[in-house]
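You will see subunit A twice below: alongside subunit B first, and alongside subunit C after that.
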Partner chain A sequence: MLLELKGITKKYGDFTANDHIDFSLNKQEIHAIVGENGAGKTTLMRMLYGMEKPTSGEIVIAGKSKTIDNPNDAIALGIGMVHQHFMLFPPFTIAENVVFHHEPRKSWRYDRKKAAEEVSQLAKKFGMNIDPLQIVGDAPVGIQQRVEILKVLYQGADVIILDEPTAVLTPLEVKDLLASLRELVKMGKSIILITHKLNEVMAVSDRVTVLRDGKVTGTLETRETNPEELSRLMVGRELKNNPLPEKVKGKEVLSIKNVSMTDKDSGKSLLENISFQVQQGEIVGIAGVSGNGQSELIQAITGLASVQNGSVTLNGTELTNQSVKQIREAGLAHIPEDRYLWGAAKEASLVDNMMMTDYVKQEFQKSGVLKLKNIRKYVTDSIKKFNVKTTSIDTSAQFLSGGNLQKLIAAREIQKNTPFLLAAEPTRGVDIGAMEFIHEQLIEKRNNGDAVLLISSELSEILALSDRVLVMYEGKIAGEFERNEASEEKLSILMAGGRNE
Partner chain B sequence: MESLFDLSLINSTLRMMAPLLLAGLGGAICSRVGVFNVGLDGLMLMGAFLGIAANAYTNNVWLAILIAIIGTTIFSALYGYMMIDLQANMIVTGIAMNFLSIGMTTFALRTIFDVQGAYYNNEMQGLPVWEIPVIDSIPLVGNLLSGQSPIVYLGIVCTILMYIFFKKSVAGSHFDAVGINPTAAKSQGIKVRRIQYLAVLISGILCALAGAQLSLGQVTMFSENMTAGRGFIALVATMLGQSNPIGVFLSSGLFGFTEAISIRLQGLNVPTNFTLMLPYVITILAMFIFKDKNQLSALKNSAGSSR
Partner chain C sequence: MNKLKTNATLFIQPILAVIVGLLVGTIAIMLSGESVAVTYQEMWKGAFGNLYFLTNTLERAIPIILAGLGVAFAFRAGFFNLGAEGQLVMGAVTTAIITVSLPFQGLLNMIISIVAGMLIAGLYSFFAGWMEQRFQINLLISTLLLNYIAVLFAGYLVSEPFRDTSSAGGVPQTVMVDQASRLPKLITGMNLHYGFVIAIILAIVIAFIMKRTTFGYEVKMLGQNVFFAQYGGINRKKTMFISLLISGMLAGLAGSVEVLGMHYRFIEGALSNPQFAWTGLMAALLANSNPVGTTIVAIFLAALDTGSLGVERNTDVPNSISGIIQAVLILFISAKFSFEFLKQRKKEGK
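For the complex of A and B:
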């Protein structure tokens, strides 16, 4: 046994984040920790990494009880952590980032040549293909993550904690990362993988510990379990299977014809001749690796950017290059892909965020004076319905966790009851329970005869919800599938730029 | 035109640029660690006043400069405390420091020396002029470079030292890291606040020297608000030089040159109003042409931290 946590408890005032948690890690093992947002996964690991102190309990490393007061102690004990949000210096080279604060030096001078050599050797040893002299800011996200892992390895870590490492990666990068993790284990490292994506757990881990509400609900051998059992342990109940009832053919709601967009500065083509329709009572999914024109398509439809060519029509109203307000009035609701950039005013209260476009409605105002009583009742009800966890509706939105903020935005947009909903990455960073709920809401909207356009880089989401699937690659529609024809393999090939046979 | 452009113009450029260079370097080191130092002007003014005041009491110009450095550094520590510990908006704090400095020096001038407007004493010794032995004996170069106050040479030395510090040293790389991503630096065990304080204190020392060059080097007197916005020109030199020591040297050289030219022009029947305007016009033009990403991101950080 390499590492053991015995009866770890962490209390913040009255709130118990971790309740008598037992956890162990064997040498050369990948041990996954799964659980919903707020189940206490990250808190537990922060204690192991010395960023928090346990209220009670014992940390045993190589048979000896240890106290870890700060990250430097953890590093000295051979424990390294790769944070969910990268801790990198973009203008520095890869080598400079890896050796940071442990620089090879000649007295006071920085020996950059030696740093590059050491990093190059380290990368080679662990089978990673990187150029130590590349500037980190220019490197793709997948490489940046490799830099984070190399940093931990350079510091001599034997135990590597990865906190939701795949949240920011494309499916291909995820595959690469999982292969690298296996490689690291072969080389003698041990890994703790925090995630809420069960397919990754099944693909790569040896054991899984499931947390719910700060307690361990099970520690299982991966090969003896299955995603259904794990999600039951995570959520505490059976997940519903939401079948899509047969689609009833309706009339066209959104129609995109020959839409093109080019970048004003570089003249690069961002969208090329995009045409498709969304009908009443259907969910059309757009799959694709992010950065292949999805963001531009969203902006073209919602009026956030202007298009050079083509037309966008909603319910028969021509909306090409109209203002956002006009488009919304014509019947668009929009769950934006970036909840912080487009979706919410971080500092405003939940009430203000919910009212963002609804305040003009008759039920919420009369000649410019807000009907606060109605507003507060509506917001309280919506928050209850969508299960947004918050202390008060007057809290500023920035204090909600990512998943809860996403639920708030979904509540705002879905409850508008518009004939058309554009849902972009509606469940990004959201835990299974909330994901299930948002999916249910989207399906219900479809069943009510509204049209939904779902844009997601998560293939399982696209396959579960879409009546039709379009694949985007380099600003073009690379293929279209009916629900019964679509499969993960077929979509993956098109998403990676392959041809459809 | 012969009397406008001649070799001694370079000599006076060096003299004029020295305060801009030193304060500009102070701005640069702050900007590299993510602190947007708008208070350069106030720090300079404080240095200029303390230099003269200490000189009047001690009759020793070296001791006066030492006292100016210590006093200005304490003043900059107050500035650092507000920005770094209290997380006050950097721009607002900087402007406040500038006004505080004008007020304090004017008040002290009137209470200590009982004069209004300006204080000077004919018997007071300013900074000596140094003839550098080796350079002095080289025919042309000797005339150009020699015969400046020690602070002018110190400015050049500081430029080189700071260049080497950022380019070659491990500590310099840590300073940069703090400016680029303080959270990441902290997570790697770097003492972010300590480095930011150090940078602000160093800028205090450099600004004290810049101020002393104004009040003890170029002239031997102090007048109310005698920096006349030079701290802001130094700030522009920082931005224009992309917070790189060599860049700051070149851009403060440009401003020093226009200042030297404008003095020349006064002797040529060009209206004084116009010649006095020249350095500021050039500054505005330079702002339009060049933009500095470092400063912009420091600005962004400062906007974020004010909330």
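For the complex of A and C:
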């Protein structure tokens, strides 16, 4: 046994984040930890990496009980962590990033040549193909992640903790990463993989530990389990299957024709000649790796940015470059891609957050004076209906968990009962329970005969919900599939810039 | 219940700031060798001791309340209006000139000259907003610098074209306001005038606008998160211009009522030297831009001023004692800001 956590408990005041967790890691093993958001995965790993101290319990490494006070202790014990958000210096080279804080020296000077050599050798040893002199900022996300792993290896880690490593990667990059992890294990390393994607767990891990509400609900051999059992352990109940009923052809609601957008400062093309329609009673999914023009498309449709060319028509009304207000009045509801940036005011109360765009409705105001009684009743009812967990409707939005805030935003936008809903990354970073609920709501909206445009970088979400799938790559539509033609493989190739023959 | 709790935490910080401010004041008094008890007693007497001092304090609070409300309103919308002083002076000088230039006197004269003062002050603040929109000139900088222009320009107006030449020499000032066009006193023989009633009514009106109207909602959301407001279809430009206009008009009103209710003319420096606008800014900050809170804090700060004058009259402690206490208050407000900033950073770092 390489590493063992015995009865680890972590309390924040009255709240127990981890409750008597037992966990072990064998040499040359990939042990996955899965669980919903807030199940306590990250807290547990922060304790192992010295960023938090356990309230009680014991950490045993190579048979000896240890206390880990800070990350330097953890590194000295051979534990390294790759964080979900990269901690790199973009303007510096890969070699410089890897050796940072442990630089090779020539007497008192930094030895640039030796650094590059060492990093190049290290990468070769673990089968990673990188150029140590490349600038990190210029490297694709997949390579940047490799740099993070190399950094940990360079520090001499034997145990590598990876926190949600695939969240930012394309499907092909994910495949590469999983292969690299296998390679690392072959070379004698041991890996703890934190994730909520069960297919990755099934593909790469040896054992799985499932956490729910801070407790271990099971530690299983991967080959003896299946995704259904794991999700049951994660959520605590069977997940519902939401089949899409046959779609009824309706009339066109959203129509995008030859829309182009260029960056004002650099002149770079952001959207190129985009055309598509969304009809009543269908969900159109737009797949693609983040940053391939989806944000710009959302802004073009919702009026948050202006386009240079083409037209946007909603419900027969020409709305190209109109104000947000006009577009919303024509029948747009919009779940934004970033709930904290666009979707909410963190310090404002749930009431204020819930009333955005609705506050002008007859029901809620009379000649500019708000009808607080109606408003409070509406917010209370909505919160109940959409199952938003909160102590009061007057608490500020920042105290809601990500999933609960997302449910609040979904409640706000879906209940507007508009003919068109733009749902951008509607379940990013929310737990399985909330995801299931939001998916149900989107399907219900579709079944009611409204049009839904779903923009998501999560392929499983696209495939589960869409009647039709478009793939975006570098600001263009790279392909279109009917529901029955679409498959993960076909989409992945287009998302990575390839072609289906 | 929960609402009560958040309200309570809102008030803890300013109350704590005031207590520490008074404690530091205590140390300063001890250093100057006077009895602390006697000094604070004199301060209390100077501020609230009898009807005369009480009404004096309330009178002093009028421009502070109005300027504070103006700053608070813009701040709620997310715009830092540092130009209250300039707007106040512009309002005052406009009112002083208009009232003596009109061919008739009385209530109508009073209303016209006040409205004119407010309008000019509002436009002055609007101008800063326009420069932000048109040339991306930071509001903090433009509003701050416009103060100097306003104060010096008003100084020029009363030194040259509109100077009262009947009294030779002395401080430059405008011609006296006619008896009939003055804001009446609330209590005969005391300084307190109807401007106080206007200030209190406006505090309530502003509180109502912020809490109960759709426009207040738009202002609040814009101040909390610009992107969220835009996403919801709130017009940033329009809301910014209106709130800057209102903000400037309130500051201008502070100057106008001082002219018509207190000095009966515009005297160079009489409105900028006592730092009414800056004290108002402090009141708005201490009260977290809550209109009613701003009013209460404004009265407290005015009491510190008038109280320390009492201290100076009757003890050997200089009236800078009020300055010391106010300085500690400012320190505490900024401490609160950086504290929240740190909390934010910590959360994001996680």
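Everything below uses one rule, namely that the second predicted complex is superposed on the first by the 455 of 501 C-alpha atoms of A that agree within 3 Å, B and C clash if a C-alpha of one lies under 4 Å from a C-alpha of the other, contacts with A are read in each partner's own complex, and residues count from 1 in each chain.
In this text, contacts are C-beta pairs under 8 Å (C-beta built on N, C-alpha and C of every residue); 3 or more make two chains touch, one makes a residue touch a chain.
Bear in mind that the values here come from a model prediction, so they are computed numbers and not experimental data.
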Note to self: Contacts for A:Asn72 in the overlay, against subunit B (first) and subunit C (second): which applies, first, second, both or neither?
What the structure shows: first
Notebook entry, point to check: Which partner reaches more residues of subunit A, subunit B or subunit C?
Noted result: C
Note to self: Applying the document's definition of touch, where does A:Met1 land relative to subunit B and subunit C: first, second, both, or neither?
What the structure shows: neither
Next item on the list: Quick one: classify A:Leu172 as touching subunit B (first), subunit C (second), both or neither.
Entry: neither
Notebook entry, point to check: Where does A:Arg109 make contact in the superposed view: on subunit B (first), on subunit C (second), on both, or on neither?
Noted result: first
Next item on the list: Considering only touches as defined above, state whether A:Glu96 meets subunit B (first), subunit C (second), both or neither.
Entry: first
Margin query: Contacts for A:Ser323 in the overlay, against subunit B (first) and subunit C (second): which applies, first, second, both or neither?
Written below: second
Next item on the list: In the overlay, answer first, second, both or neither for which of subunit B and subunit C A:Met356 touches.
Entry: second
Notebook entry, point to check: Given the touch rule stated above, what does A:Trp342 touch, subunit B (first), subunit C (second), both, or neither?
Noted result: second
Next item on the list: Across the two complexes, find the residues of subunit A that touch subunit B and also touch subunit C.
Entry: 347
Check: In the complex formed with subunit B, which residues of subunit A make contact?
Finding: 70-72, 83, 86-92, 96, 100-101, 103, 105, 108-110, 347
Check: So in the complex, which bits of subunit B are touching subunit A?
Finding: 168-174, 176-177, 180-181, 183-185, 187-190, 307
Margin query: For a test of understanding, state which residues of subunit C touch subunit A in their complex under the given definition.
Written below: 1-3, 6, 212-215, 217, 220-221, 224-225, 227-235
Check: What part of subunit A is in contact with subunit C in the complex they form?
Finding: 302, 304, 323-325, 327-328, 334, 336, 341-348, 352, 355-357, 359-360, 365, 368-370, 372, 391-392, 394-396
